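Report on the structure given below.
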């Protein structure tokens, strides 16, 4: 059997039926299945856009990320050419559309997003989100970790563990995981950050991590040990419990991913960017996101193409998990 | 009554419900209604993408036009701020999706497109197409003018009335209307071209026009007389019979519309580009297209933004006609 | 006497002493004179950056405007080549630096800005601001019109007279002048908008204008009458009372000013963009701004170059007024 | 007879034989005929590249102009679609290649260029040059006006009549025509500048013009009177004597020609840019140039496309003159 | 002896005689020697442009590749700074110009190209081609392998071993080597592909390779083993028989080579891209190409600069071979 | 103590007081302290812009480098996130402004620059320069090495040890260190070049190096040995004597640093680019520069961001040295 002849509802449109540059762009050419769709109950993995960057303190733009990620995602074909996983055969995947934020009201946006993801989680759908800035991860975690704390692997160049910005701001894209730890959404002992680098305001965020048992693997260590070794440690840290994956595109070197707001030079290359996602295999992923893709800083779409390729790798791992659990 | 509270199926998604940069981009945020959709029979005006540039002899790219036009179209709101027409209240409009061409087979693509538009016309839907290169207009005309020749107004910097290219090529984006006249699809006496300019291979196309009674208004005349006067003549030429409108974006000066394959300097500005579309009011439009938007030559989207704004003006005229005929 | 030999503190650095592309870029190469500077009391016209776009509902970016405006402003020389006004000889001009917003707190930013401009106004300095999004004009008006309402001329493609967005948002870049009228900062009888166009959500903002006696000159009227005639009416509307000028760069056609967040095609060209500013001559300007320049959407700097050229024209009018009042 | 069948040596390669995007790009696809070529003696009009910007005081780049002008020039076809002049049938035109400057030695470059153009003039070839910065016009004038002063029409936003820059620099792109007048190359009574605008260092250059009887038509006058009227005056000023045409691309509004080093907003549009060149008809042109196209500031090629289109208009006028003189 | 003083016909123009940015751009500043040139018979290696992308199924543009490759090639100097090979001293190299395709007729283009290369091969010239899309390699192989099958090393991210696209298309840039194997142009046992990656439609192409004994080295293996080890195997596979080299620029990671139509992330970096070409040393190359450079997707020219640098490395290996065979 | 609360004069403006995108951009948000400033005598390390590219033989632009470097430098925070050095706490750092070149007079510019740096050196300030082209290093060396020759480490893709260009040019960006060695400014035995690659005019520069005992580490050796090993050798070569560091941004692979005039593919990545700067630790640096950043070829600012990040690494090493010497 080949995918080309599949007629199932949840199969992506083939590039041989409709050229990859044609058609209304859903995520990976999957069917659009909003909450009120007749087949929503069958969805196992939901691809979701979070077009919001209200938490951005530097260069804005990720609100446009989901649009560009969907655009480039139509170049994704049916099978993973490296691992040969065929995710759309393993799990029912669909594009759930975008969560609707309130661009002019930060707290209202957080509430809207949490409510949206509550519905997703309640339906038993694993969310795979394309952001949006990194503050988007907080309302998602509030939904995903509603019952109990999750473990987390964070690919990033910044810790996002800061406390307060500009004297008053507790909720911005530099603070989500400080809040998440404080709110008991993340188990700090099962939390690992990879790729941290760049200049720093100070060491307060590192001190917070150390005080809570959070493991930070800075970029120098990443380059010295290599992806396999680092990811083995990361998998060990999160263990077999429920785990959320958050992937800030600025983890990758900005030459490979210029379309982001706070780039830090000296990061991993594109092959390593894919490798770390593949090396999540075996982790019990309950949700994942790819955030901070900012189209205004990369109109060429190269950043989004890398971003959606990383999302596809995460999707493959998630789909294998779904299939395995299904038995 | 305001559009914001509309709950009708055919209303576009409001920017106050979902920000304009969010959501899966259909044309003007209209519902996606393919042929097999339950409400297809209710559609009065169908927005269609023709992602094909197999007829391009110079710089390719218009195959990507529909994607970018849809992307920018989400910035279109409900009412025309100049004429105050509210087209989505006047007629049932929907996005019919893209016709599926065969990128590697020119004749097969022509056949596929004609078949697609035959279905559109058979359903009584007026097609408003976003191209695609100018050869796309030929299969559309074959469907629209199946019963009898139509009149035509062509906004363009080239006549596209040439005969043969490279010794063998009868079907390319420089020849569609030579073919259409030969095939009896266009009534040459009711055919008017506006904006012709640039350097020429020779005068053969002009001789063909003269011999057939086709009216060419070159750019110097356009600049001398102005849009109102020129359009009055154009409306007179086509009269009250069925008329097709074809709008090549290269009609507009390339500074205003750089994203196209064969730009010719010295054209109309953006205000004039809109004016001529508005001045179609009263013409009995049976179909229209906006072609040759080539995203690779304008990643900024400015050309597509102008293009979709022109399409909106044509849509307003078409919707008024639909409403008037409905009585 | 020529400007080249000037040694005065308030003279801009000459391009013959330091090439125009060199040096730390202050506005128009003027001295940087913050509030605590010894010569602050001598300043008559203060150029100010407002790097904030917290009110943006669509494509963000104007927070980066002041940086790019300053960069391009170093290409401004000493005299106006059309009117031959030499503003830096007529009035003491200085760069007051940037007001410090709070990128993650809208209401705090409004308060910070109002406080900053209170100090400017208290010192008798006329503010000429480079934004920032259009919501920045609200706190400036709160300072400038603290004593009594001002007249206003607004160059814009949108009315910015809307009421509420997304259900909860009263303060965003689509609502500042609705608020300003409500707060009694603008005298609606002495308020004129020029250049309005594009598609509309509805007519509520126009109804508000009509009900309050605000004059809107839409773009079609502007194109039909021309800048001289329109500006004569505008000058008559505001009369000789205190008047604020607000210039949204999206007044200009987006081909001339692509670097903005909500472009509307069909606007004035660059010559007209300058003309309307020159035709402010005689108006009693108590402050002015140029807003919505969004560098991420025009990295080339062309938009900022036009923007700063417009600011220079407004500066010339303001400096003539200062000199005339000085006697 | 059509051009397509021409087999003459001096005919450009047809786009029907070799697509316009193909082939090694000579100017307008003409034969490359350097000085030592067997048929050099037959050339009547020589297209020449002057890849030098050693006189640039602001943003460099015009050294790359000839390469980009040649690249875009392959989109020029055989006939002028507005005037229907077919220049390649009227005169023997050829690409003479590039003059070789010395990028690191200004005075040596001036000498090399003068020597090159001496050979061109000595051979009776009319030079049509693509620059290069505006200082290139000086050595060309030294060759063209070796025997007696010429008249000159200058399209420009700057006078280029300044005296000295940075204390020591007498030869740069802001001074060539001050030098040319001083050296007796230009007859100031038969010298007219059109389009001057922007901010000014002072009025010294205007004073020099006034003192010498040079006519400056500033941009405001140009916009008020229109191209036809202005050009009628210009033709009268230069009369029937030998006249050189120098066309700085920054004459055109920078939105239409962003690829230049010292843009000044508010200039003519692209149609007017072509019109003034066409309106040179009847002038006894002994040489012409199009300078200051700077590809690094417009990688899209739009500026070069406009530039070469202007060169084609000038070529048409020159070819008609050559044909008329030939009898 | 230094290259600077060479006066030989086949020497490239020195950057010390004419700056590298000046002059009409032939490949590597070599003489243009078309078939009818007096010295054509002396040419040993011919650099050829194939400006055709009629086989492109996704994003078009490589038809513009030869123009941009020639443009950037003028930055190539005389000697290889790593291997110190001086190819232009070892072999008579020349630019043969472009093959003339028929942009609107795929089968005619294939025939024209085969005929062109037949003449090249018949003259004993080794062709080094700059494409063009990957379908261009098929007519070249038909000429090069006219007598007997050749071995082949293919650098690529795709196999290009697919069978049929869109139901009818047997000849496109995804199928050339399936056809070449079927036509007996390539000996499958001496055929090696390196760098394959990305998502896949299915495994049919891999099955075809396996069934025919074709060796595919996917990217994960490439990254694990490194260029030296991989290339040692590749050299062993092709042995000492006649071998063709085809280098798709999308072999390289798209961050290093964004100007291509179907990019796949995670590829080799630029140093590896050069290394694999250098490690061809010793292979009996009878022809080579570098294809899929698509300027519309990289106007900066970075992709073409890498592409021509790779071509230079291949040229060095070819020139050494020519010199060795000459004895 | 945290840097956020510092109130010292020489502390950079914190991103929590004024957002990083706001404010007039000095280098790293340090105070602007020109020679005549009251606190100039306290400066220990001076950041200086050298906006001059008069020595550029190929693509110009580095004159714009300091402006863009300063712009991006506002994204630098207080501490080095890898080495945890806090340079602004270790040494008094300030922005000294730009040296004023003469864009139209090469020899005058050299004299002006030497005079400027003489003042810097005389004041005991260590200069850290952002260029400008590589010829800028010569007048700096003339000041820094006025008393005795210095050792030098040069990161570069070119030797810049050439003798004469275009027959007459002894001073250009390809010759500065030939001149510096001849003038006795550099001790050739303590001089090491790293990263040399690309094509070569010939071997004369390498012969000069060999004859004088200069050590060249070409890129192939760099890739084979790795940064640590190479830098260990470099540190040994320069020993403990006074040493100047010159870092040409074209040392880095052009994909990571496209904004430069003479890119050579196959260089180090961004991580290695930072590593080599960090591995200068312990070298007795008496001055350093980062040159050849050319904004016109990278408007995105990515190259400048990498460039200023490298400058920050060098600054950290210099500040540690200053602090250590202070005791």
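Chains: A, B, C, D, E and F, in written order; residue numbering restarts at 1 for each.
Everything that follows uses one rule, which is that a residue touches a chain if its C-beta (ideal position, glycine included) is under 8 Å from a C-beta of that chain, and two chains touch if they have at least 3 such contacts.
Predicted, not measured: the structure shown is a model, and the values here were computed from it.
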Contact-graph separation of subunit C and subunit D, given in steps at minimum: 1
Intersection of contact sets, subunit C vs subunit E, gives A, B, D, F
Same or different: do the copies subunit A and subunit F touch each other through matching residue numbers, with over half of them shared? different
Turn needed to bring subunit A onto subunit C - CA fit, degrees, nearest 5: 180
Could you please state the distance in Å, as a whole number, between where the Cα atoms of subunit A are centred and where those of subunit E are centred? 39
Subunit A residues counted as touching two or more neighbouring chains: 19, 21, 57-59, 63-64, 103, 165-167, 255, 269, 297, 300
Category of the chain touch graph - line, ring, star, complete, other: other
State which pairs of chains touch, listing all of them. A-B, A-C, A-E, A-F, B-C, B-D, B-E, C-D, C-F, D-E, D-F, E-F
Subunit D residues touching subunit E - in the complex, by the definition given at the top: 17-19, 21-26, 32, 49, 51, 63-64, 66-67, 70-71, 95, 97-98, 100-101, 103, 299-300
Across the complex, what residues on subunit A touch subunit F? 57-59, 165-167, 196-204, 218-220, 223, 253-255, 258, 262-263, 265-267, 269, 297
Mind pulling up the subunit D residues that touch subunit F in the complex? 53, 55-61, 63-64, 102-106, 108, 165-169, 171-172, 296-297
For subunit E, which residues are in contact with subunit F within the complex? 2-4, 14-16, 19-21, 75-82, 84, 255-256, 269-271, 273-274, 300, 302, 305-306, 309, 312
